[in-house]
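Next up: the structures, one after another.
Same chain, two partners: subunit A is paired with subunit B first, then with subunit C.
Up next is the complex of A and B:
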């Protein structure tokens, strides 16, 4: 389970080795009193020595040295006592990493175990179970680094590039039509006849029926206009009506004459226009393809003419997966994709070992499938579930590569976890291996209870 | 710190020219003009080893220069590539008392570090004479440590450039601006009106934001303040920093000036922003160094036709020229090594190198006419014009915990400014706090 990317000699790798090497250490040769049955102590020591030397050199010494190193400053010369440890709990950036690790430990192992359980139970019943298991297990064959690269692309904001947002926007587009002109806006200066208020484009001057008005808009990419764009036309004034033109006041190659309709400029069709008096909409119209409109049936008086905000609503562009708020859930999603298959395989193995007669008996007694699952399958599976759960906790505490790769530089402080912070302060430009060692020891302390739990379980099972 | 890879233009022709140039000098028996270089053929039988990080085409070009040196002096030069991490290559060789004669370091910080470790040899009077003749005192200081001159900047990366997409400018009917106020007040709004986002910012790559800040600061606050801030002799809460950050927020504060607004910019890393301009054609400008050329070519643009540059516009009194670059130092006190350094620092050596693609010389006596492409000529011109006020990339001069770490120090805080451009005072206070920690 030690993934290759974590082989940087930090103490966590040592923990795996401790677990692997635990059985020989717990079986010391017992020199029984009168007649010795086992080998001589000298022989026993000579057999133990290679393992002891390796353990000492590769595990115990690095841990001990990290503890010592964590008591010194960045240069390694000045003894600072517990200052590095106080720094961990006072520095706001490091506290964020601890918070993120808590989120990871609370969410990821449970979700991975639950999804693994669901997959395992479901695949047991279907004919193509093995093929399905193979597919779910496939991400385990991909290195975490490659998975990170894949998910960095999956979570891209641009729906043309990121598949997550492509799916979301496609679904969203089914439920809402978009015929407006997102991004269109009046020019930003005092001469422009219209201005933006609450997302709507509003004429500065009040208008009376019989007047013709202009809504010159800019900021639209001409390529995003509909293909049947028509040259803009002026709207003649007509008594009793408010007429006008909404058009793209922009001539390619030169700014053109501002606020007047030039020959090369295109009308914006399908824009809804409202005449408002006293806070109430008195009349509406929709522009023709050439941009002209006429609001009819207005009583004499003064109106505010506006293009409501709905005309300019930006299309739903998906979620900002890689932004500061969603980044940790997004990375946890990638993590689940990788590890759900692993959990499924372990749980499926446990499932195969459940005595069938218990299930049969329950069914004969009239239990529903849900009751069988909840009252028989899950309790019988609980040892396996626990192993998966605890293994995932240990695994999640040292998560590094996915965070490092998926989070863009600007949100890495928000997505940071302890293992990544440890690397960053020690080697990633921080150059403070004292603080790095302190973080490593802190992580070791966090992992230890779960290690002991797992070791004890293994021993009991033997 | 990024590798300079300007597009290879007419490289075959240039190689031929350089080779001819080198061969032609031999019978002449030495240079006629541009400062004294080592005497001819005086180093027959001497071997020099030089280590640098360059590989591929950059290495081939550098070896052309070494060949010209060999033909001139008779010394045999071998090249060793250090790979990306120069320190990791040199460290063991210095420890083992077997360093190369010459090493070319990618960061000025390494000069100080190796000088403190007593691994460097002071440059001889001849080399220093070349430096005095061809470089401003600023560069001499940059290559110095503890009062001794150890290094000379031999290759530069030009960081005061703005790349633009010519069709986008034509569509909007605008010209490259000469001043920051024109850029913000005329060019950018016109582009925005035309429906093209003016800037593609690479906000996810913090170093692009520090480059932007350095240009604005150098131009608005002047070289003296720039030097002081680089050494942290004035605090980051200084009013001159406030001015520079206010200028930057003229971009950061306007969502329609940045492709995808600030949240889009914060998710865009370095080569992606170049793709947004030249590949996806969604934005008009990207503010980064000459090495953008490589990414622009990859996105399908033709450098010099639809991908062009204009010098970073003047924010205050001076045209900013910020360089990055590689510094050559001597690790052994050998005659051949010093002769090579003298050659590399001379206008003669610089001119041989300048004829090859992908090279920009910080040497003010290397004539821009030597360069094979119009673009490089233009860049070299700005270096010569800026004269005394050319400066080295400030974030590369700072301790790396402050100026060179993703998600920390200056990188992070400028990203925070991009996220919340109204909070200039708060950002400055945090910058000062981080700098105080890193510079102690």
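Up next is the complex of A and C:
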């Protein structure tokens, strides 16, 4: 934020100096030394000097030196011309960083501005708006490094530790029955009455209503079964129904009889069973805790009885946020968490400046609340939205810390952005300050147009 | 077009402030109704409730034959003109005018026709492509009017639309408003704190005070037969002069004056006789005074009072003569409220008059050429004296105050 100030301050000082020097011609009484109204050039220079020196030493010189350094090789001895720049656009790793930066610039500023706008509009209408604003603005008070650490934890894979996956799995569980038996399967031999087809367990023999069938399953750890599973029981055959038992056909410590229900063996409750005829599901049932089921209401005929694949799916364990595919969206999420409050506060200030009457006039003119928002509020807010948007673009272009902290070392190449790559190449083990300088200049060139735009806006507003 | 009826309308703001209190008002189809009152009397709130911009705490509002209590503004088919114009700054004049029509999905040709028509009516043809920022105050006001006109709504609501204009423009806009209403004949509710606007524009005028309706009548009736001290003091400029006086058998006595009361007054104002021998408040309009020298022809039934002029305000055709009388100012709460309103924000709006004196105003013809610190003999039209109960402030003998 200092750059616009500097950019603005400089030409002004220049103006003053010119104004100070201009009047002499119009001041006749002193013929010898040209009289002046303003201070002498020497005085003007002495006032300008401290700022000029600081600016030169801290801004101009580093930029100039970086430009020069980017034309030399890793050691700084051999002149390589534009080779470092061509490397940026040919090296697959740096191309990934550029791609990531493009994703960042396209997604993050828009999302931050939109969320800021939504929050600002909503908080204006609620009683606790100020408290809400305070909370949303709070992340701005946290250092980006700390935010990174927080989100590293949020995105933890294990739902018991990572909030993101905890939320996702909780929501997912609402929509999925969670009584599956992942790993359960029939024995793989010809004597077993059932076999696996497309993930479902299917009886080999067609079944008629009135028959009782058996689904002996193995592959489960007895201890992993819910404690309330009761011993398996046989299901008596009843006319017009297909009955049967789904159980864990395994007795610990003794071999037990294969494919028959032994007293120590446990039934599998909550398993859904389907009777299929001609490719259509004709009847379904869910097993009791003792493993028995009865499919009723079947017309006479021949059915294939199966346990659908859904019974054997592994439980959903959330997304791999910190993996190579989701890492950039995940970090953008953290970035939005940090900056949405900033956008909200700026936009809320803009909202407060919109004349109430114009909104009321629109309502009376027949606009719905949505039309008032879209046709009056947003157009009147557009200057503020633009400032927020451009500020965010500049900010996003140089994003570094969040990526550095959140992305685990192994996926850092996938999450890489230009600023981070610049650091990695120069100081983080790359040891190539020539390429690093080239990246820095590349970043500067990307930021400059937006800086220029912002400075011009500031100046016009004054 | 439609009539607007308010039945027992209340507005209670959060915090218990009652801005409008049991307002009953019937605005006829095509009528120009002016709501007038000092600032904070609830007139704007009442208007905004009709518009649907404020919730209604109690009572009912009908527009046409529909109860609109819970209808959002857009479904009430009314148009409103705001004090500070409330134009859409990002749209041109043309877009401003067409906005409401576009929202109603009107065909383009019809929008164009109405916009051009309204622009011609208001003399805005040359400004259609300009943004509001490039217009003068009067032009903006006309755009705001145009925005209401193109909608062809059932009623116009106007919230002090002229108060941001300079004095001269206000007078000419007032005239055009009158013309416009004549021409369009749309029911109009007009809020103002300026009683001159109220008198000149309204078919009927509704005077409010502290959210309570005081009197609804034609401007002339309000002026001639105010229902109470407040209305009497509020309507008319300069304001009516008040004094506490003793009523005797054939006249009133106050300060060192004694004015006869014509016998006809006692018959016109039933109940006045009951006050004989008691105190009451007497009101005299400044226009009921005249300089005795220039009122030669018709001073029968006019009482003479000699005064010493302290200040004169020369208005060209008339002179306002300010003089003190030796009687304390009327301390009735309505009179105090009026004084407060007249003083406005200025802390020292009225000069303190020590020693139980009060300042009166008389309006005399400029031919009298009276100057400050002269002695002047005034005549008073005793037929037009107003009498108020000193306790309630109600006008004695006003039909609305005579029970049984």
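Brief remarks on what is shown
What we mean here is this: the second predicted complex is superposed on the first by the 290 of 462 C-alpha atoms of A that agree within 3 Å, B and C clash if a C-alpha of one lies under 4 Å from a C-alpha of the other, contacts with A are read in each partner's own complex, and residues count from 1 in each chain.
One rule holds for everything that comes next: a contact is a pair of C-beta atoms (placed from the backbone, for glycine too) under 8 Å apart; a residue touches a chain by one contact, two chains touch by 3 or more.
Note that the structure is a prediction, hence the values are computed from the model and not measured.
Applying the stated contact rule after C-alpha superposition, one finds that A:183 touches subunit B and leaves subunit C untouched. In the superposed model, A:285 makes contact with neither subunit B nor subunit C.
Once the two complexes are overlaid on the shared chain, A:220 sits against subunit B while remaining clear of subunit C.
Residue contacts after overlaying the shared chain place A:399 against neither subunit B nor subunit C.
Ranking subunit B and subunit C by residues of subunit A touched puts B first. With both structures placed on the common chain, the touch criterion links A:253 to subunit B but leaves subunit C unconnected. Once chain A of one complex is fitted onto chain A of the other, the partner contacts of A:422 are absent, as it touches neither subunit B nor subunit C.
By the touch criterion defined above, A:323 reaches subunit B but does not reach subunit C.
In the superposed model, A:413 lies in contact with subunit B only, and not with subunit C. On the subunit B side of its complex with subunit A, the touching residues are 170-173, 189-190, 192-196, 203-206, 256, 260, 263-264, 266-269, 400-401, 404-408, 411-412, 415, 418-419. On subunit A, the positions that touch subunit B within their shared complex are 93, 156-158, 183, 185, 187-188, 218-222, 224, 250-255, 320, 322-323, 408-413, 416, 424, 428-432. Subunit C makes touch with subunit A in their complex at residues 51-53, 72-74, 76, 78-80, 82-90, 99-100, 103-104, 147, 151. Subunit A contributes residues 355, 357-358, 360-368, 371, 375-376, 379-380, 382 to its touches with subunit C in the complex.
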